[in-house]
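In the two assemblies presented below, chain A is common to both, partnered first by chain B and then by chain C.
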Partner chain A sequence: MKQKSKQIFEKVIHGFFLILGLITVGLVLLITVYLVVSGIPGIVNIGFFDFIFGKQWASTAAEPSFGILPFILTSIYGTAGALVVGVPVGFFTAVYLAKFAKSRTKELVGAAVSLLAGIPSVVYGLVGMMVLVPGIRKVFGLPDGASLLAAMIVLAVMILPSIIKVSLTALEAVPREYEDASLALGATPVETCFRVSVPAAKSGIAAAVVLGVGRAIGEAMAVIMVSGNAPNMPSLFQSVRFLTTAVSSEMSYATTGSLQSQALFSIALVLFFFILLINAALNYFLKRSREG
Partner chain B sequence: MKKTAAFLCALLMAVSLLGGCSGNGEEQTPPADEGGEQQVEQLSGTVSTDGSTSMKTVIGALGEAFENANDGVSLSYNPTGSGSGITAVAEGRCDIGLSSRSLKQEEIDQGLTETVLAYDGIAIIVNPENTVTDLSLETIAKIYTGEITNWSEVGGPDSEIVLIGREAGSGTRDGFESITGTEDACLYRQELTSTGDVIAAVASNPNAIGYASLASVDETVVVLSVEGVVPSEETVKDGSYAVQRPFVLVTRTGEQLSAVAEAFFNYATSGEANDIISAAGVVPAN
Partner chain C sequence: MDKPLSKRRRAYIALMRALMTLSFLITAALAVFMVAYVLAKGLPSITWELLSTKPSYLEDRIGILPDILNTIYIVIATLAVVLPLGVGAAIYLTEYARNKRVVAMIEYAAETLSGIPSIIYGFVGMLFFCTYFGLGTSIMAGALTLVIMNLPTVMRTTQESLKTVPQSYREGAFGLGAGRWRVIRTVVLPGCVDGIITGCILSVGRILGESAALLYTAGFAHVLHGFFEGLGSAGATLTVAMYVYAKEDGEFQVAFAIASILMLLTVLVNLSATLVAKYYKKRRNI
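Entry: the complex of A and B
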């Protein structure tokens, strides 16, 4: 009798968890379907090539044009720039923490990295706007510092925590025996680290980078505050607009059903497509890392 | 998104109404059960407004206050632009048309009446380090369209002018561009999404010029006088400050509004709602 009630209890709990899991799946499906349904009309009405490869965005002009090439390129360049700055810093921090740091230092730096991950993006944006943007203006002698460069630097700082943490986990998962064997063969600790540990953890490190890409390309709040937000073709010291900020800066004004609002949904769809690609890459690397 | 937000708002309102009822029930209407509702003559129905997108904030705030004060009424607002709003009210498709410009003579001849609800004053702001204190409307237009690119051309220091503005669709941008005649021609360096951001950007860059709603400017930036007139509530109201425009309620001349539209019209223009109008960042006219 007791056995039976226990079984029922187990089943109820299983069912409950299943429902929770299905809610998550359902939400993803809902968002996907909604984005596709509301994003397609804009692309169709504007024309695929005019939309993706158009260089001019003037959504409220008397003769509006809806070309999002500047946004796509800005998002790609901005993310790439963030990686160029962020990946080396993050990677070497992770190597240092995993292999060389004393436990106290490791604790301290680890706590700082966690804190960095917890700072809201609007705070990054605000600090960027007040410190970084005037700084860039003075250092480079520009009329104004709000630029692609400012966005790259802010994004680089923002992706550091994910890169450090995921790389660190991967490096720490390298079996101790590999390193012992390398040391026993006469390799120095640095040689061991870069010839043995890092190659063994390379899939995990790649996953960390991809995660960083995902974070950078999806960020809106911080970049809107430092990038100037004018729809120009990207250039390092020029004011630029990202895919994310293109949607967020005009969404509240676009009349429902207008071509402008359709175009904004289409931008969101393009962004979603990029995120899907990144997620697929992430899954690929994580799978490889699990298989060793 | 919008629907969810609307639903949440409705829910919130319903909850607050319930709260209000239980609170007032004991004090005001002792025999509340059946007779109470019929004793007060209640307004009901919808006020439909149509027109200027720039008036969204002020009409939204007025509508919300009006709906809260009167059970069972609602206000609809169709943001189509001043021109479409005037046409809509002329054709009888809405109760009150909204226009962010004065009516033209031929529109008045068509049988329309304008009542100014408020004035929208836009301040032209620069960094405190800038030595320029006054610009003409024409110079401002030239600066924003890129004809003048250096502060030295207008009596300031020798540095490039950095144009700060608002994003497409913003009422302040629309107002600024329509008053200066620079629609779709402004070469912005930065397009920011809030008044606060514009002020912060101008405050942190000595080369910057920006525009912001007069009510929200603070002491971190310097407000320029335009054509020699310093913007203030008085100069905006009497029309001597140039960068301003009226927010107009348009009705059909000699035609009685519906009871509920009449009530809203009186509420909005009586001075009773002035605090709400000021809070929306414009200068009340009455």
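Entry: the complex of A and C
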């Protein structure tokens, strides 16, 4: 009898933990369903092509138009720009830290990189607002420095820590024998590093870049502070609006149920779609790098 | 015997070395610049009055005490919910789950969650907790949104430390006739304390730095409240307050003061994470 009640007790506990385990799955489903259900009406009402490929966003005009091509392109250009600046710096820093730095330097710079990763995005935004934006205005003689360029630079700084950390892990996992073989054949340490270690870690480094893409495309607060936030088609020295900032900048004053708020929901869905693509790519590269 | 390297090879090596040094210096300089600039701009503006009062239009004064309290409330509320959920999920994955498919599904879900940007969390949190559940714009709604964001972190750190609890400990306890729950309670849980602490520290770091997910869930009011009253009302955390002061109000001095506090807290969080890891690593080796 006692044995039986103990068994039931264990079963109940098991079920309890099973529910806790499945909560994450439930949450992902919930978020997906919510975004899809609330995002579809806007796309349907505006029309898929007018929405995705419309070049004009004038949500509060007398005859409103809801084209989000400027936001999509700005997000893509902004991310690309951040990668052009951030990836080389992050990559070479990671290689240096993994293969050439003394352990003391490595520890110090490692701490600095963690610190950069931990700094809140609004602090980056603030520094960008106070240093970068006036700087760009002066250097290029513009009326206002809040621009796509400023956003690209801030994003480049913000993705730097992720790129360094993930590449570093990948480079450190390269088997010592590969490098020894290369050194024994007469290659110098630098050649060994770039011709043997880096190719061996390429999946991990690719994962680092994809992670950076995800960070950059999802960043909202820092970008809203330095990009000026006008819904223009992207141009380096103009005020622009990203997908993320398009969601947040009108959310506070859109009336519930209006076409404007439906359109904002649809923008969130488009952003989510991009993120899912990036996540899939990230998983692909991470899996490949684990398999060696 | 040693033939000098060809010109091309020497040029290649020099170029790569130069690029590495340059990048390394840029990274180091960025970190130093961020810390030095923010602290230099912000620390001088931190006064006792700023820290200990609430904003008042009558006296033309800005105080951040409500924001400090809100931050503490939201940290407590988030951790109180996310810890049981995250630790429980990790225990399920390492101690109970036998079906590989279920494990893969849960892990994939956790990875997906950690890849979703915070603005999307804020958006879903607003629709779900504020509107659907009728919590309104409140600290509680913000905390629940942050729970979803931090769940993968707590899960992962706990899971990693659970994996380091030797299988023989569990087998020993089973051999003595303990049931699975008893083994978890007396053997497994004490063994993963470091993972739980690390998860806590990382979550606190993320909560401190979060703004996009909180702006439309917890709002940006600066009103003094007690804990339970505070949970039900709107309130800005330090980070959100910094954003509002800088972007909407143009109060850059206050913004820098808050930014320097956040910077110090970030340093503290990173430091304690490192120390905890070191402490437990040492204890494990003995």
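Operating definition for what follows: the second predicted complex is superposed on the first by the 274 of 292 C-alpha atoms of A that agree within 3 Å, B and C clash if a C-alpha of one lies under 4 Å from a C-alpha of the other, contacts with A are read in each partner's own complex, and residues count from 1 in each chain.
Convention: a residue touches a chain if its C-beta (ideal position, glycine included) is under 8 Å from a C-beta of that chain, and two chains touch if they have at least 3 such contacts.
Please read all numbers here as calculations on a predicted model, not as lab measurements.
Greater residue coverage of chain A by touch, when chain B is weighed against chain C, goes to C.
Once chain A of one complex is fitted onto chain A of the other, the partner contacts of A:P143 are limited to chain B, with no touch recorded for chain C. Looking at the shared chain after the overlay, A:S121 reaches chain C, while chain B stays out of its contact range.
Of the two partner chains, chain B is the only one that A:E250 touches; chain C does not reach it. When both complexes are overlaid on chain A, the residue A:A111 reaches chain C alone and has no touch with chain B.
Looking at the shared chain after the overlay, A:T60 reaches chain B, while chain C stays out of its contact range. Once the two complexes are overlaid on the shared chain, A:S239 sits against chain B while remaining clear of chain C.
When the two complexes are overlaid on their common chain A, residue A:M130 makes contact with chain B and with chain C alike.
Applying the stated contact rule after C-alpha superposition, one finds that A:M225 touches each of chain B and chain C. On chain A, the surface touched by chain B in one complex and the surface touched by chain C in the other have residues 129-130, 224-225, 248, 251-252 in common.
Note for the complex: chain A touches chain C at residues 6, 9-10, 13-14, 16-18, 20-25, 27-28, 30-31, 34-35, 38, 88-93, 95-97, 100-101, 109, 111-116, 118-127, 129-131, 157, 160, 164, 188, 190-191, 193-194, 214, 217-221, 224-225, 244, 247-248, 251-252, 265, 268, 271-272, 275-276, 278-279, 282-283.
Chain A meets chain B in the complex at residues 58-62, 129-130, 133-134, 137, 143-146, 224-225, 228-231, 239, 241, 248-256, 260. Note for the complex: chain B touches chain A at residues 1-2, 53, 79-80, 159-162, 167-170, 183-184, 188-193, 197, 200-201, 204-205, 207-208.
Listing the residues of chain C that touch chain A in their complex gives 5, 9, 12-13, 16-17, 19-24, 26-28, 30-32, 34-35, 37-38, 41, 84-85, 88-89, 91-93, 95-97, 102, 105-106, 108-113, 115-120, 122-124, 126-128, 148, 151-152, 155, 179-181, 205, 208-212, 215-216, 239, 242-243, 246-247, 252, 255-256, 259, 262-263, 266-267, 269-270, 274.
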